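Shared between the two complexes below is chain A, which has chain B as its partner in the first and chain C in the second.
Up next, the complex of A and B:
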């Protein structure tokens, strides 16, 4: 048995030698902790027994070993559960709107930049700037921009004559139903340049002359876009989609700094998954339930990625 | 030229214009962030969209002939005249200094500045006659006390200070605990002397009053000194809490042989010869105006400029006033309501039957007193100059330990970048160039780590760190505190470095794959070992890839808040952690938040624009390959 594993490694010791530093590191930082995480999700590890660490007792008799999972999913009295349901809905809306809006804007931007010929690189770099701004800075500055009475958004709307004189009637962006948009818009602002960049690179892989050839064959602008550009951009689009899904579901820095001066609590319509898991784990020190929620989230993410892979498999073959 | 060519040009112009508009809109939040970092926080809180104006808050209102001289905090002096149609600003001089106090003596205006020392200005032409810079004052002090310590004054913060010209002498001092004495300027010789606290003067002084007949009252933190100018000596002294009623007062005015001692909402008339309080005026219960900001007196009344308007009180009324009716409340009548009520009155001055008033929003007015006060003319001070407050960045460094955060972020980001890329080089090369069983499994595993949230690793790692700390402390081999991984440099750097290895492998692999295979084959034919082919040939050839990977890792670590929040301690706080702490503690300091955001963004923006071509090419090498 051992021989069956060991022999190929010995035969390819150069290759495995090259991989060794990364494997060692990843086992310590990625894989062992993951195993521990699953273990912790069954523990009753909370503020009162933080000192016990990993030797905290397993979840109690009544709830059974799945106690943490059951309570975050269904226990009505659990504060984590209540917020989590809202956060799942909010994160789903947030991720889908941000990802698809970024794809639409990025595609339009890339087509526009493509017209610029020699100046393409210049315009692309200029449009990409928001993507370089750190996400926590984006959250911080938009948290100030959205302020009801002193923020630049409401005051600009007022200067344009859209909002009236009475400041108390101005929209409250950082509480109530508008919070959803208060976190979505900055995220789109930061994300769409990435889509633009990938689409723009994708457009460069379109063989020159293909559009002219199609035009000679009588294809109109829409037909050419639909049957030439879109298929050629599918690999880029699939990467943007995957990145958008993963990055936005795990969005943390932006909502954290946007709401409540760094507390990251966006309320019922604005709270997202990562901030709520972080608050419950590292501020309420409820490691057991935090770990359980994280495990569920990770499994969910793998399902999303698997689905993505099924859909875009053929497109990905082209760029390998 | 053909029509088609014009059309093509027109269309090109249209698309370029559209792109320019989009680019501008897209940059707007960043530009606004930088612009806001240079604004006054009061303007940010008020939601003003334009430039901040230099702070032209009224400091002094000095009656002069048919008008009044107004001095402001930013060193603007306005000569205001009474004309038939209103109050007209006849002359304005910007000294371009932070002015702390003004004093008018006949044709000469004296200005005290924490930044530029003492200035002598002609009261008619408003031109500067002479200047005694701070360096000269400092020199005079060190001549007097060679071993003395000269304070480091903050020119913006020293606002409440005092200057007074009496006869041939000018007295000046700064309301700063560190300031060591009273500056005495001789008008004729231009020489500077010092009255040092603890020697000529018993305590620190922050206000001067002219009592007439060569006497100056010096008000300080322990009491009031009665100073005789010729011969120069302390004639008498009164201490707070002993002779004088209050602990210490904000504003003192001389009334003949009495002092009017104003606290926040109460004023006492203290007779110097009798050494006792002869009358108390309680503005909290008696005057609806509230806090006293300015005081002046004519023969019959004392005028209070308060946060809520102007009030006059009869000077000769009884010793103690207990109810509203005995106060003569005189709110200025104004056709459009009463602007004074809202904004507060910073200056009042009485001269020749006229009362001059200055509001905190730049309003000025002149009133005649005939039974009640009636505003006859009013006007407005010119606004201060447009300014950019670079001081915000200095304040940022003072309010929070930003230098330390920046250093920590740089050390951690650079350390992680180097380590992570170095670790990833080997694996990336193996994945790109070598064939071996398990290759697919390894690359799949390393990719899969990218779909797992950071918190999944953070929870167990944090608990493990606590566990290591606990057991290493109990073992006794590592000293009293054990191995502290939370808050240690190397803990965070090692963790991040490995954390970013899969990501680095993924980018670097594409660069190795893009290298021509013959390169190393040729090297190996020349007798190089596999190792030498890698290290001496392949690695130098992927240098651009190393740079790109490094930039990505740097950008990611620079923007990392989750791990940093949990795993750093005070000495290792990074910029994001520091900014989050700051945002929690100073929720309304929008100016400093924007300054912090600007400082956190600029390094990565510069990095991006320097290496933009390479970054763009490296992000998805498969995509743009034709």
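Up next, the complex of A and C:
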């Protein structure tokens, strides 16, 4: 067994020598903290015993070693449990809507830009602008855009004749049932240019002759889009999808800065998972439960990525 | 390929530069002076310069002590302080928000200051409402001294009240006269300097969401938890009625619902711009409003026509929010004597306290400071002492932070959503109506969660349970 591992290493020892610093770095920066995270999730590490660090006692006997995990999900009175169900539902809706809307807009934008001839570089660069704005700045900006009386959104809707003269009847985006959309729309605004970029790269790699040949065979625009463009863009699309799922499930800066000038209280319709984990872990110093929630989220993310890989494996192998 | 060697060189130079950086924690002590480190948050414009100015006298009095001031952002302060408590590597003297004192004391990283307090004259040198955080409920010792307090007068537009024919002293007497005054301003539909003036400004779901509700709860005879911190009052009828009283401002359209989406800084700006007649904010707003135009002050309607006044008294009296900051010494300090001198200077030297409060606009916690003409002669500041004395601090229990951050801010944010006509408010509409039952339900949920949290906190710490039993006995006697 050891020989089987050792032999190729000896065979390519120069290459492994070059790889060694990177491997050590990965172990140090990624693997060890992950192991530590799992370890902390079984500890009763909280504000009152902060000084003990990793020597904090294991979770209480009554609840068993899984006490932190169980309390998060089952104890309605547990502070960590507060709003967790809302946050899970909100995060799922947020992630799916933002990811698929960004894909749709990115694809449409890429197809449009490709028809811009020699100006396409300019348009692509221009449309990329929202993506280079840091997420927390996007949160701050949109926190102003959404204001009921003075925000650019309601005032634009008013200018278009959609909203009436009485400002008190204008919708409130940052309070109440519209909050969900107040988080989703800025996220789409920021993320769709990234999808546009990857789809543009994908379109440029499609040999032009394929479309011409299909046209000669009588294929119309929709048939060419459905049976040529989409399959050829699938590898790029799969990467956009993966990025969207991971990035949006872990969304933090935007929702945090959008509400209450950084207080991050999105209410029942606007609170997402990462802000809730942050509040409980670092504002209350409940490390044990914070680590448990993070482990569950990480495992969930592994499952999402595994599912993604299973669905897109054949497309990815085509790239190779 | 030429890029690769350059990249490797860049990485090595970068790492080398980082390794060559001098640690900020290393303070040279070659000249025989004791070097102290002071952590403070940005309480003023140019916070470091302000503290250096105040410390000039300390340095002159103590030539053998040098103080290195380090300003830490409020956002990072909690992390930095608690990390320092657990690691033992921090400053000597540091600022901590009053509601943090009990949590940090419970972590066991603060130096007892009982001896120092006796030497400076006992706790009565500080105003009574600032004393409760000096020795938190479960603590055995004094662990911090009050530095300054955050109290919140009401600011009103003198020209608006004059135009409507309201006498301020009558309007701000109690809740009923206050509501009557607001209704009168609304009915008058005041327009000044080309702008419609709304009666009242109230900010939405920012950091202050619960602080804004609090005076209306305790002013009505209710509370969140009792003074010992072992029983919940939030779902008492008096507390509920206090919350509903506050929500009447939205229900009756006395405060624009649009402001529920704004933070305190934004609504404060609305007052400056002359769009609201009454606004409550921390006393440091006076520094801004009083600054002459030639010194960069504001010439806005709010700054031209304003006065400060005590907020109205509720049925249970005038009971106001009080915040602020204390100063403490980390147990890990290697310069206990010098650190005590510095802490005593900053908190009990009336010149130092007065200078700081004049610049910051916060109220002093040192009782004798209020005798200074600065607080005796200016009509807007003469009320500062009454503001401080009318305040009711949050109970100094280690779990107050948990209650406020996770439970209260969330549920009171939800209540504002209901007031805004949110998803829970079935009757939510632009006419300001909303479901009272939904508000009650939200408060009941919050109360149950606080109850469970307290029970868990006391159960998980047998020492606290024993101390609490002793305090209950003392209370009964």
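Here is the rule we use: the second predicted complex is superposed on the first by the 303 of 320 C-alpha atoms of A that agree within 3 Å, B and C clash if a C-alpha of one lies under 4 Å from a C-alpha of the other, contacts with A are read in each partner's own complex, and residues count from 1 in each chain.
Rule of thumb we're sticking to: a contact is a pair of C-beta atoms (placed from the backbone, for glycine too) under 8 Å apart; a residue touches a chain by one contact, two chains touch by 3 or more.
Computed from a prediction, not measured in an experiment: that's the story for all the values here.
Superposition of the two complexes onto chain A shows a clash between chain B and chain C. After overlaying the two complexes on the shared chain, residue contacts for A:146 are found with chain C alone; chain B is out of touch.
In the superposed model, A:259 lies in contact with chain C only, and not with chain B.
In the superposed pair of complexes, A:83 makes contact with chain C only, with no contact to chain B. Looking at the shared chain after the overlay, A:74 reaches neither chain B nor chain C.
With both structures placed on the common chain, the touch criterion links A:155 to chain B but leaves chain C unconnected. When the two complexes are overlaid on their common chain A, residue A:269 makes contact with chain C while staying clear of chain B. By the document's definition of touching, of the two partners only chain C reaches A:283; chain B does not.
Once the two complexes are overlaid on the shared chain, A:29 sits against chain B while remaining clear of chain C.
Which of chain B and chain C touches more residues of chain A: that partner is B.
Applying the stated touch rule to the two superposed structures, the overlap between the chain B and chain C interfaces on chain A comprises residues 50-51, 53, 147, 149-150, 261-263, 282.
Here chain A touches chain B in the complex through residues 8-9, 12, 14-16, 18-23, 25-26, 28-30, 32-34, 36-37, 40, 45, 50-51, 53-54, 109, 112-113, 115-116, 121, 123-130, 132-138, 140-145, 147, 149-152, 154-156, 159, 186, 189, 193, 197-198, 201-202, 204-205, 207, 235-236, 239, 246, 250, 252-253, 256-257, 261-263, 274, 277-278, 281-282, 287, 290-291, 294-295, 297-298, 301-302, 305, 319-320, going by the rule given at the top.
Here chain A touches chain C in the complex through residues 47-48, 50-51, 53, 75, 77-79, 82-83, 146-150, 166-169, 172-177, 179, 259-263, 265, 267-269, 279-280, 282-285, going by the rule given at the top. Interface residues of chain C facing chain A in the complex, by the touch rule stated above, are 75, 78-79, 82, 85-86, 103, 106-109, 204-207, 209, 253, 256-258, 260-266, 398, 401-402, 405-407, 409-410, 413-414, 416-417, 420-425, 428, 430, 448-449, 451-453, 460-461.
Chain B contributes residues 12, 15-16, 18-19, 22-23, 26-27, 29-30, 32-33, 36, 44-49, 423-424, 426-427, 429-430, 434-439, 442, 445-446, 448-457, 459-464, 466-467, 470, 495, 497-499, 501-502, 505, 530, 534, 555, 558-559, 561-562, 565-566, 576, 579-581, 583-584, 587, 590, 593-594, 596-597, 600-601, 604-605, 608-609, 612-613, 616, 619-620, 622-626 to its touches with chain A in the complex.
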